[in-house]
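Per-chain numbering from 1; labels A, B, C, D and E assigned in written order.
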Amino acid sequence: MSILEIKNLTVTFHTKDKITRAVHNISLSVEEQDSIGIVGESGSGKSTLAMAILQLLPKRIARIEGEVILDGKHLFQCTDEQIRKIRWRDLAVVFQKSMNALSPVHKIGTQMSDIYRIHESKISKKKLKEKIISLLEMVNLPSRVYDLYPHELSGGMMQRVSIALSLMHNPKLLILDEATTALDVVTQGQILSEIKELEKELNLTRIMITHDMSVVASACKKVAVMYAGNILEFGYVKDVLVNPLHPYTQGLLKSIPTFKGEKKNIRGIAGALPDLSVPVQGCIFASRCEFATDICYQVKPTEELLSGNHRVACHLVGGMEHANVNHS
Amino acid sequence: MQTLITAEEKAISVENIYKYYKQRGKRQRNQDIKSVDGVSFSLNKGEILGVIGESGCGKSTLGRILVKLEEPTSGSISINGVPSQNLFKQDPLAFRRTAQMIFQNPFDTFDPRYTIAKVLISTMKLHHIGESKNERLAMCIDLLEKGGLKPATEYLHRYPHELSGGQLQRISILRSMLLEPMFVVADEPVSMLDVSIRADIINMLADLCKRENTAMVFISHDITTTRYISDRVAVMYLGRIVETGPTDEVMHNPQHPYTRALISNSVQLDSFENQQIIHIAGEPPTPINIGPGCRFAPRCYQSRESCNHEDPESTHIGNGHYVSCPYINE
Amino acid sequence: MGSFIIRRSFTGILIIFVAIFLNFMLIQLAPGDPISILSGQDSPSPEMEEALREKYGLNDSVGVQFLTYLRTLAGGDLGESILSGRPVSEMIGERIGPTLMLTLTTAILALLIGTLLGIYCARRPGSKLDNFLSGLSYLFDSMPSFWLGMMFILLFASWLGIFPTSGMVDLRANHSGIAYYIDVLHHMFLPATTLTLLSIPYFFRITRSSVIQVMSEDFVTTLRATGMSEGRIFNKYVLKNSILPTITVFGITIAYMITGVAIIEIVFSWPGMGSFMLNAISRRDYPLLMGIYLVLSISVAVTMIVVDVLYAFIDPRIRYSK
Amino acid sequence: SGGVSETQGNEGDSESGSSGGDTLIVGLAGDPQTFNPDARADDFLYPIAQNVFSRLVKLNNNQEIIPDLAEKWEFNDDGTEITFHLNENVKWHDGKDFTSADVKFTLDSIKNNNGYAVSNLKSMEEVSTPDDNTVVIKLSNPDATFFGYLAWYATFILPEHVYSGENWDSGTNIEPIGTGPFKFSEYTTSVNVTLERNNEYFGQVPYVDRLVFSIIPDPNTLVQAFYNGEVDIFGGSPPSSEIEKMKNDPNIEGESKVWPSRQYLVFNFEKEPFNQLEVRQAIAYALNNVEIVSKAQKGDGQVAEHFLSPVYNWAITNEYKIPEYNPEKAKELLEQAGYTPDKNGNYLNITFDVFESGSNADMGTVIKDQLRQVGINVELNILEYATWQQKVKDNADFEMSMLGGYQGPDVGSISPRISSEGSNNLSLYKNTELDELLVKGAQLVTEEERAPIYQDIQRILAEDLPIYPISEWVGYSPVHSYVKGDPSSDEAIQSTGFSEYNYVKIEK
Amino acid sequence: MEIKRNNQNIFKKSINKINDIKQLKVGVILLVLLLIVSIFAPVFATHDPYSLGDEMIAAPSSTHYLGTDGLGRDVFSMIIYGTRTSLMIGIVAALISGVIGTLLGGIAGFFGGKLDRLLTEINNIFLMMPTFFLILIVVALFGSSLINVMLIIGLTSWVGNARLMRAQAMSLRERTFIMGAYSIGEKKWKILLKHIIPNGIFPIIANTTMIISGAILTEASLSFLGLGDPNVVSWGQIIYNGREYMTSAWWISTFAGIVVVLTVLSFYLIGDGLNRVLSPKLHDQN
């Protein structure tokens, strides 16, 4: 059963002098207890997608089209009041810059209690404190954190606080937006494994936004590769990473050095993300794609569904020659 | 081979660098922050040393000390056999040309009010490179095109915010190379960049080092990148190098328990399915109240009583591989 | 915290001493002589002048006079006014009350109104109201205070006749009890309004920019994502984070309360330090001037300390560094 | 006159005065600094003191000397002794009896404590009290100015039992006890001074119950408070810009009176170019007093025509008047003095130091403009008073300046301003002939004797031009028309002094 | 050649930028108007502002557009003639205050440590000092002239600027590009001048525009203390002289006051606009 259904979601930002199409006609469905990684370059619209689901985009400049159905509720049709109720109970989020995720001038315990009470106001002070401390302990933090200020914690600890905060009401869906990016490897490894464990315990469904392939590789079941507001490839991690079909995915993987074996030459993808305020006719990746043909510049590729729910949006998929040429 | 290399031939040699910061708060009076706590190493011309280690272990501090953006509390650095202290005293500008640094955040490396041309030309002026404005401008164009930014005139009059991170980092590297340094410190030069651009920047750095025979200290916490670029690696923990040696030797045959944990924790794409993560307990400690024993002991999965008392010496286990742990074979 | 306050107080006292010295020298070296001024221009009396010079030690060298001043000051004595022969402390004491009443009221009003408007506009940056109020704040900033004060008198006292022109009490009615306080408030309305209008722009601008900045910080997004209502995010979290610059401005306003509103006090004949100080200046009443500036120095120093402590109290990040 | 004055009877009926409940509010520009009116010069205490204290004799608004505590008085023949006969049954406000001993105490204290009047009363040798109601003052030499000074300033008679010893100079900490028509009631700093009717007053018992001085330092605010009826009597002179409006207002009354107080230019005799007579004369011809008064002073000035104050008309001669306005003559004189016009057409560049007060700055501007028209370029400096005093008065570091002030109560009071050693002789003018005349003029007693001497003095002044009078100050103290009996009014003028309000009735 | 073309581009670009940014456009137009008026005052003035006419306190009319003052001078012409003095006083005094404040604040914030503490305390002492007497001493020592007026106003109003700049410098010195400047061998004081100050100057500019109006008004009050020049008309003097005529002739101080407000507005708009031009990021966002 899918817990989250995104249908033809498009987000455009209308600023003074231009219109930026940050998310373009994305459809995605998330099954219960799934863990989906969304990878892509900076500016490809990952955060915008998450913020659109959370209904946190600035109303004045962001136009949203499409549908997002969370647990049967059409989010875009909810009133502000209803959305506020859904937030954190059904849908929680952990942001990247966890150092700044909480107010620097309030104690952690105070803020957590405050947030808890938004959805659960009938709890005694003492119980609440116990609850918060147990949350902290769940993410391996000592109870003294309750009385500390954000700046007194290290990055890793703050990230754990953020995670504890997000798990407060056992949300149905947890979105981690670059939640481990700022951490060093050791801490990141620890937190990832902690999350995976908690997930088993709490029946969480998780969307994980990152630009680090290896994080997806180690912590997600499925992966969506985003580029300039579009999902170019989607499928099980083991399919997509082992057998990438889209030239962009292939390029990404080729730009990452290996750990084992001989040192293969790596190389990046030439060019940069296109200007999102200029509408593109054909494939959005065409301008950087080394295999692009005329059709790529003219016609937008449709999504191909391959075996194992592996989906790709590329004119060249099916032929596969290009990939082989390159692999030799 | 190794014994034949004399100190003079070393591009840079570093001995017993210490850097203690004074703590200003009243609670922790008289307790210094031991950011770098006795680091020694040397580099040949054109050699790249990767420095890895978790956040806060003193990598950046070490980097800054190497290029004299900060003074060490004690210890000495010599470049080409000459103490950098003397070099700097004699001619600070010349020293700056000798040792350069590339910073982590390309988006903040340039004054937001300077165009790229102004950035480069003011650097040239400062170091008396080129004679006239026109000559310098021509050099800029040349430089940018060499660095893969074509056509250069496209970029010259742009402001930093009008360029992508990759382009900025290229320019940052190009600016350093403009001064033809002997020695470069690259402090996490790609960690803020997209994966798709990182490769090019790393290649560019590696190429330059080989071409100009520049020695480089490459600071990173990314194991695979470090493996890719560096000839040797040094693993730092709490201000010390706990393990050092040729890259593949250290990476594939890690000896120090910390190195092992570090490597096992950094997930790699080519082995993501059957990864055995070594957990190390606790938080990364702050370099303030370091006990008398091994500094990794409190978090070490194989620590024993003696570790808490004896600070282990660095021992050579062959092939230029040094480890500061007496229990490596167990 | 304790030692922090002690350390700050120590430098504060040091600074006050430096200020006393500088003030003494400046006041003494400036042209003018209290005794000849006292003697008047119509028919100066040399005999009286000589006697008074002797009495106030003005024939001594400046150095000796300074030492004498320090000595009396050490005894807790601010000296005696040359003009009236009364103890300086007593004279300052008489006027400081009304000044504090007026300035505290206006500082708090300006703080409240300015901050509220600043917050209101910060939540709608670029809106018509925001532009209007920002423009208005510049208008009031470049308006001479006496002009505004006089306009108010003309408008509300002379034309509409709903407020008294000046003073603190109705001398004809001679009220007492509750009526007295109402009368004082009635008299305070115009000067307080003028002063408030003149100081609102500072609070408005500082709050506005500070709130806009805090609103863009990440934690606000986090709190929104938790479903917290905008009101609560604002009142509990944004406010505390954006209050620091306002505290500084408020502190400086308070520090200058004693001397900063002289012109308005004079325009409205408010019986505070204003006319008193200007009179002391124009008549070169050295001991009185030293007393006034000492009070000013102390209030500046104390305010600086209080602001620092408040900063540390509100912002834990400042608490243990520096 | 100058001889025995007629007795001033208590014509006013003290019963009719108690109309009950009336409060008279008078504006006051600043706080009194002391409650001893004899210790120091204090212009803000003066109107209060006038109502609380009495003198032996006092000056009325016509600048005439009228009786106060002294019912009558007589001079001896050579003018070196004055005998005062005091009113009987006068009581201090605290109920104690007033006697001649208090007079002696006061006059002696002024001398011993260097009170403000000490210089004015220099010729006083001895005060004796033959009985409780008689005071005899012996002078060292005949002094025509003495009597006037006695009636003028800082000569209020004080109770010995209050002001003796330490209390002499203790600021406002002492409660003022006098014999005047009003008793001190309370003083609130910077707010008001309240006086109450003294039912025991030996003269006209006040009609109003309370006399309140409302302290309003800003003249423009005081104007508004006066218009708005918060103040009944303006108290002092309004800014010149308002005078016309007030005079045209049917609800406001007030008489303009010329005072022996004038604005005049002084020239520095020890500096170029004013050591040259022609230059001083040129300035005198170049200036048009009529225009200066009408533009800069508006209603509070009257054009000066003579070298002495017109108040003392018996001493004035039309033979030596101030030069008529004649710009051509001025230029001639400048050329005569050897000046030639520079490229801007200016013969001379001079500086003109004026201190900031009243209409001084405006007068300076008009003078500058007038001198410009004859080719004298003036650099006008407007200084703060204290600075001006140091620069001009103490250091004589100036070329031309302007001074004003009281020149009474006797025509001889001009002496300090023009005599060689005069304390107010800013011009540093020295003329022994003039000095002798001034001394002689002061020692004679009758006007007939004195007039020729002062005419001689005017001749010298006209010849040498050490000063150039511009205007006479006109006192104008507006009152609301419902206020009757102010000091200038017919019923009050012969018995009250400046700012004395015992005849005032409020008739709304 | 190349450079010349670039310079032209930059010039054109600046003009374009000025056109793009509304507030800059309005501000520049206002300022240019003021400058034209100050330079060609005699052309615009209808009367000699120094000659005392016979019509005193005349209300605005077709002969006297803005009426006359108490001495019969034409207020319109006085305002026109006063432009030069007042603009100069405002600008120079504000510049002095801005420069001193920026430098001292920049040094304190950038160098930090003991120097910072020393400068901060000096700053505090300045807050406690009787500036009135400082002014009198300056007059006594150096005489009075417009230069001294500007100096004095500048010297006594830098404290706020210093505070602002200090805070800016403290946050800027942690930025990577400052570290970068060190690493290529830039000297400390040059970094301060080339990077710290230009990047942190905006709040100081905004504050300094307010000092302009303060200076214009202060000048008049100073001229009564013997500092300044009553021989030259200025807006401040018109405003202060008009004070006693507020009931009888409101036009004297009101019009001059409006001009001061307009001037301040023009400088504020220019300051704000300039910031957008100089800080490329803001410009694009606009």
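Definition applied: a residue touches a chain if its C-beta (ideal position, glycine included) is under 8 Å from a C-beta of that chain, and two chains touch if they have at least 3 such contacts.
Being a predicted model, the structure only gives us computed values, none of them experimental.
The chain with its CA mean position farthest from that of chain B is D.
Sorting all chain pairs by how many C-beta pairs they have in contact places C-D at the top.
Inter-chain spacing, taken between the CA centroids of chain C and chain D, is 39 Å. Centroid to centroid, with C-alpha atoms defining each point, chain B and chain E lie 48 Å apart. For the pair chain B and chain D, the distance between C-alpha centroids works out to 89 Å. Note on chain placement: the centre of chain D and the centre of chain E lie 46 Å apart, centres being C-alpha means. None of the residues of chain B touches two or more other chains.
Under the contact definition stated at the top, not a single residue of chain A touches 2 or more other chains. Across the assembly, chain C contributes residues 31-32, 150, 154, 158 that each touch 2 or more other chains.
On the side of chain C, the complex with chain A involves touching residues 217-219, 221-229, 232, 236-237, 240-241, 314-317.
Against chain C, in their complex, chain A makes its touches with residues 54, 56, 83-89, 92-93, 95, 97, 100-106, 114-115, 118-119, 149, 151-152, 162, 165. Here chain E touches chain D in the complex through residues 50-52, 56-57, 70-72, 136, 139-140, 144, 223-226, 230-231, 243-249, going by the rule given at the top. Residue ranges of chain C in contact with chain E, taken from their complex: 11, 14-16, 18-19, 22-23, 26-27, 29-32, 135, 138-139, 141-144, 146-147, 150-151, 154, 158, 252, 255, 281, 289, 293, 296-297, 300-301, 304. Put simply, chain C touches chain D in their complex at residues 31-33, 36-48, 50-52, 81, 83-86, 91, 94-95, 98, 150, 153-154, 157-158, 161, 164-169, 171-172, 174, 266-272, 275-276, 279, 282-284.
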